[in-house]
Amino acid sequence: MTTTAEPVTRPPAGAPDLSRRALSLRRRLTNRIFLGLFVVAVFVAVVPLGLVVWSVLSRGGGVISWEFLTADIPNSFRRPGGGVGPAIIGTLLITGMAALMAIPLGVLGAIYLNEYGKQRPLARLIRMMADIMTGVPSIVMGLFIYSTWVLLFETRSGFAGALALACLMLPVIIRSTEEMLRLVPDELRQASLALGARKWRTTVTVVLPAAISGITSGILLAIARAAGETAPIVFVVGITASTNWSLFDGENTALPAQIFRNASQVFEPAQERAWGSALTLIVIVLVFTIIARIIANRFAIKER
Amino acid sequence: MTTQTQTGPDPKTALSSRGGGPRADRSFQVLTLAAGLLVLAVLALILITTTREAWPAFDEMGLRFITENRWDPPSEIYGGLAFIYGTAIVSLIALIFAVPVSLGIALFLTELAPRRLRAPAVTVIDLLAAVPSVVFGLWGVLVVAPKLVPIYNGIHDLLGGIPVIGRVFGEPVGSGRNFMTAGLILAIMITPIITSIAREVFDTVPRGDKDAALALGATRWEMITGAVFPHSFGGLVGAVILGLGRAMGETIAIALIIGSSTQITANVFASGNAMPAVIVSQIGESTGTFTAALIGLGVVLFVMTVIINTVAQAIVRRAEIRMRGAAS
Amino acid sequence: GCGGGDDDSDTGTGTGTDASAGASDYSSLSGELKASGASFPDAYYQEVITELKAAAPNLTVTYNAVGSGQGKKDFGANLNDFAGTDSTVKDTDGPAAGSYLYVPTVAAPITVSYNLSGVDKLQLSPDTLAKIFQTDIKNWNDPAIAADNPGVTLPDKSITVAHRSDGSGTTNNFTKFLVAAAPDTWKLKSGDTVDWPASTQGAEKNSGVAQLIKSADGGIGYVDYSDAKASGLSFAAIKNKDGQFVPASLEGATAALNGATVKDDLTYDPLNAAGPTTYAITAPTYILVRTTYTDAAKKDLVKGFVTYILTEGQSLAPEVDFAPLPEELKAKALAQLDKIQ
Amino acid sequence: MTTPNPKVETVTASDRPSVSINAPSTGWGAVGVDTPQAAGAPVMDLRDVSVFYGNYEAVRGTSMPIRQNQITAMIGPSGCGKSTILRSLNRMNDLVPGARVAGKVTYHGQDLYAKDVDPIQVRRRIGMVFQKPNPFPKSIFDNVAYGLRINGIKGNLHDQVEEALTGAALWDEVKDKLKQSGLSLSGGQQQRLCIARTIAVRPDVILMDEPCSALDPIATGKIEDLMHELTKSYTIVIVTHNMQQAARVSHYTAFFTAEVDEKQVRHGRLVEFSETGKLFTNPSDKRTEDYITGRFG
Amino acid sequence: MTTPNPKVETVTASDRPSVSINAPSTGWGAVGVDTPQAAGAPVMDLRDVSVFYGNYEAVRGTSMPIRQNQITAMIGPSGCGKSTILRSLNRMNDLVPGARVAGKVTYHGQDLYAKDVDPIQVRRRIGMVFQKPNPFPKSIFDNVAYGLRINGIKGNLHDQVEEALTGAALWDEVKDKLKQSGLSLSGGQQQRLCIARTIAVRPDVILMDEPCSALDPIATGKIEDLMHELTKSYTIVIVTHNMQQAARVSHYTAFFTAEVDEKQVRHGRLVEFSETGKLFTNPSDKRTEDYITGRFG
């Protein structure tokens, strides 16, 4: 457009019209509207998040203190003071134990589905059942653990809760991990096998590290969901007012249960504890998300 | 075997397996298989124990357990139809809102967003997934439900008079605790799940397919409908099913927001109840057949999930056959 | 106990010294007690546990308010050392007949709370109450309500009925009262969960019902006394067996306990009890203890804890809006503890 | 094997136009402007075109014409920027984040990168066929109809689809199974389906990026025949790794290579643009000669 | 451009071994057995090898030797089964569900497909380099050490890695950044890293499937030089699309093509196997001649 020496600056007569005007209004509008809607969708999702986080921050923020995070849980709903220390410990222990059980099993199961079972009928069955298992309500999972584990050993315990949470996490981890393994290029597997690596070593040393970032995301989603589960905790973990470091001996408690318990009280101190617990729980999950992402990034496929 | 050739460097000729190599491989495979089978075992165990415990109720109610709309524990009548309906309607509302929004976000992230924006957006979506459902429940019942009442009233005033649609947008309950609010909160809860899977699915659409559409003079949106959607259909159904599973199984939040009435009504602004919510809120004070009936609701929910998954898989398979063609 | 300061607690302390001869020094109690059950007395039990901690620092008691039904199931499955329950044990509940003893602990009024702008005094007879909760009466200016409230101008406003969505001892006692006091009108029977009409609204826990009532002008529902007071709700005066409209109060509740007949197993029904100052909807609650504890130490802990509830602990009840037991019943309850082996 | 041009030697000129162009760096923009409809008139023109990916200059200062109803081939070793230049001809590079085109690409005299030019209109007129046959996961009919539908092209849809499939020499093979998935066809058929899809919207120029490299010789032969056919109505630009193919099918050939600059960064460069016969028999650049005689690449 | 063999013409034989083999379908299994250590003795031997994918016979009856310390090239149009045959040489086809090998592949006289043969041992001795450079998402060091570690090869790990990288002509370029990701290297470096990874476990035979097709000419030249170097210690089999490359680097060449049988099913076929010089100057089969003169492909 700027060169003066150009002999032809205007399209010669009969040359096609390339300007935007040539695109029909309908097509242009449809395109615009739908692309605009994508942006709207992001806001639609972000707004409620902002509102929830704001609610929790504004109501729970003032409650958080060192004492709140460490002190024993007060029995009385009406009296101010105390904290949720035992519930924080309980959440960490129970969710941690659940993750410890569900992650290896889930990842192994996913390895079976993607690396061995593929489209075989058994693998298809397991895949479908895993999908179904993601839909089992947490209360039913709690009832299941209650009527098997709890009644068998005649005690509620942190471990029973961990079992219930593990059962809830397992299918989510299996399915998301499988999806991630599927994205690992076959060339990597072949390269390893061509070096004389056995399949299991290939899987453990090449395939898993290549997919670790995505696998971690899926696992985090599962943990986040499990850490927020209330019904099975109330049902199979029991309750305690002081920290119980043991998962097997004696009852325990967790933040979601404290949120639920305190939120259903009208007394101001109890409600404050509920919001404070909610904030604590979100922060815990978030911190884990961040830590896990950092770890995953260290193992992940490093792009140039 | 090696008789005639003492040729190459000797150790290179021993090709038979040594040590426990193949056994290690075998063991690993068995280990992974065991982990896979664990899913089947746990699920079977859940089904067996729950069915066993629910049996007294099934025995007493028979088919009426799912066909009758009367939940009257004092009279020992347990007809769960209203709760089945509630679960279905709430999940449906959740999907109607969550699916377009999730797909929109996923498409925004894969097709529109500048690279810089993607990571933070994904983090925000993950954060949404990190909010425990009980918090959503609290927020829904204390903050959202009352605020929505005027909006519901507005919609009712606007559409209530229209013949068929009017019945769907009937008189809103005063508390705002109804199918719609529950569905909306559920939609927020399942959006991150559907989004994160849909994003992966869209990412796997071959660059070439998108280029081909654009090279024909397609706008971006036309490219998405023409090249991205057909490719992603199966994966998207999977994403939606996972979200639906979560929606159908959600307990605490729904228990708080749905309003807890036993009724079947087209009015989405009316209170209702859903199976998991009924179980969680009534199990504590229940005994005997009542407990059995509540667990029975869990079994019904389970069976519903199986049916939905089976149907979805059949749909995906048919679509795939149609798209991939018989040849491959 | 730190002073409730009214006449109830005076007499309470008197009995306490008398009966706690065996276990007056709680500081010797050491160990753990697990309990679960009714949520109705939860606030009171938690208060007791908090107070007892000062007297018995080595005793840890947990009470998990999972509901009476679950408490009884836990009791039958040996998951707890004692259970809290608002209702009596039926064959199918879990605990085997003869394996348990009832110990009444406290009682509390169940209020009929409402939210009706311009009306701060409301009287309701059992029949009207039944009609309202059955949605036979849909409007506040219904003649039946007007008949109960002479001289009050009732607005033309539709009634929003709030009830518990979770299975609840409160529901059980409220509906039991309606069965007893309005047998011809009330059709929904009684239970922890009843078949509420579709147009009514459910909410979780007493606080949920309170919140629901507060959020809807024209709302009415049943809420336990303590939550109703804390929520700042206004509650109706209910016509008792003697034909008097009595508002919910702890005095009214204690009067109801006095008017109830106590059975041999110490269960009793204070609902719709006789007496002019009786508050008609008063609910009892019990602790289930085992007749036999295999662990002798456990037995002592249970006895010690329940004794504390029945003695010093009684004075805490009014503080958290529960009604202490009358002397006579308290004595019987303490005697019941001696049957534990 | 049927080949479109009955040449046995890879290097003889036969039925090529005799327009002789020696120096690739001089302009031919004006050539043929006065006879716009004549075969051989430049439809497109590149003037000192460089393409950047971010800060990396993948191809440097390329100038060449694309002549009407002729086949222009681009050859050269891998990574020398053939695809990059090809994609700059219909603004497909717009889709690569960070990609930027400097210099001037004109189409019928209009600057393709001018402000008011809509890339969608550009791509509709300058179609593209890719290396891997990539039919949409739709029926054969819908694949061809896709472009017609989105572009709202009027007329009888079925007739137009038939015409495009006939034009792509595929009609006879698929006329009985138009409802089947495009993916059920063989590789060669799929590629012809992609060509049919492209010509259905009646573009002016067709860009082909190694259209045969995933095909077997028989399918390749068919596509080459087809290209020959298509020059009756279309202008074709083809990128190929296969020198023999360039020699067989094209009228003009551009030879690219990658050169390392003083900072040790590799840039693609147009070395020579000539009438095909000349380039293969009598290359004017030593590097072209080295390449076509197989000394590298 | 440096080329390993200083040939200017694509088709002249120069420093090739003079073992003359005319008919590909006769056996040469015995040739050279009596001079086992001599370059040119067959390390591997294919006898009437056919490979099936499910019921589809992708390649039919292939017989040819792989000679020690020599480079054997496989050329032919796309889809003729070059990769398929190559992968049958180290049992990589085992990994394709439904793939089956008929006929006999021997390695130092042992049947590779015998019951007690462990494919892991086979692959450890017969290494493979792929078309797309595929380093593991690990550090450069770990990439090379990987094979050493899994095979439990003793000795100083660092020394062995250095040796392999030196052998792959990469040491100087990466010695200061061994901890960096293998993916941070350029394409050519990545491919040499893959070669280093392969030679680190000291295989006997190295199979290469179009190892340069994703590389630029400079990188290609380096790899070709390297292959030449490697023949001192290794036997190499290379699949290439690029006839010039085959002519430049290989000692023997196998030409494959795809033929259609009576049922219209395409099968890959070995047309001609000869000493490279002969195949390019004096092919004994008309189809070979057509292919190398560019009449198709």
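Residue numbering begins at 1 within each chain, and the chains themselves are lettered A, B, C, D and E in the order written.
What we mean here is this: contacts are C-beta pairs under 8 Å (C-beta built on N, C-alpha and C of every residue); 3 or more make two chains touch, one makes a residue touch a chain.
Each chain and its UniProt protein: A = Phosphate transport system permease protein PstA; B = Phosphate transport system permease protein; D, E = Phosphate import ATP-binding protein PstB.
Please read all numbers here as calculations on a predicted model, not as lab measurements.
Among the remaining chains, those touching chain A and also chain D are B, E.
Across the two interfaces under comparison, A-C and A-B, the one joined by more C-beta contacts turns out to be A-B. The geometric centre of chain B is 47 Å away from that of chain D, both derived from CA atoms.
Per-chain Cα centroids separate chain D from chain E by 33 Å.
Distance between chain centres (mean CA atoms), chain C to chain E: 86 Å. The multi-chain contact residues of chain B, meaning those touching 2 or more other chains, are 21-22, 219, 222, 283. Among the residues of chain D, those in touch with two or more other chains are 120-121, 125, 150. Within chain C, residues 66, 204, 208, 211 each touch two or more of the remaining chains.
The complete set of chain-chain contacts reads A-B, A-C, A-D, A-E, B-C, B-D, B-E, D-E. Residues 1-9, 12-18, 21-22 of chain B are the ones that touch chain E when the two sit in their complex.
Within the complex formed with chain C, the residues of chain B that make contact are 70-75, 77, 141-142, 146, 173-175, 177, 255-256, 259-263, 265, 270-271, 273, 277, 281-291. Contact residues of chain B toward chain A in the complex are 21-22, 24-25, 27-29, 31-40, 42-43, 45-46, 49-50, 53, 100-105, 107-108, 111-112, 121, 124-136, 138-139, 143, 188, 191-193, 195-197, 200, 204, 219-222, 224, 238, 241-242, 244-246, 248-252, 275-276, 279-280, 283, 295, 298, 301-302, 305-306, 309-310, 313.
By the touch criterion stated above, chain E contacts chain B in their complex at residues 33, 36-37, 41, 43, 68, 107-112, 114, 116-118, 120-122, 125, 204.
Contact residues of chain D toward chain E in the complex are 1, 3, 8-10, 77-80, 187, 213-218, 220-221, 241-244, 247-248, 257-258, 260, 266, 290, 293-297.
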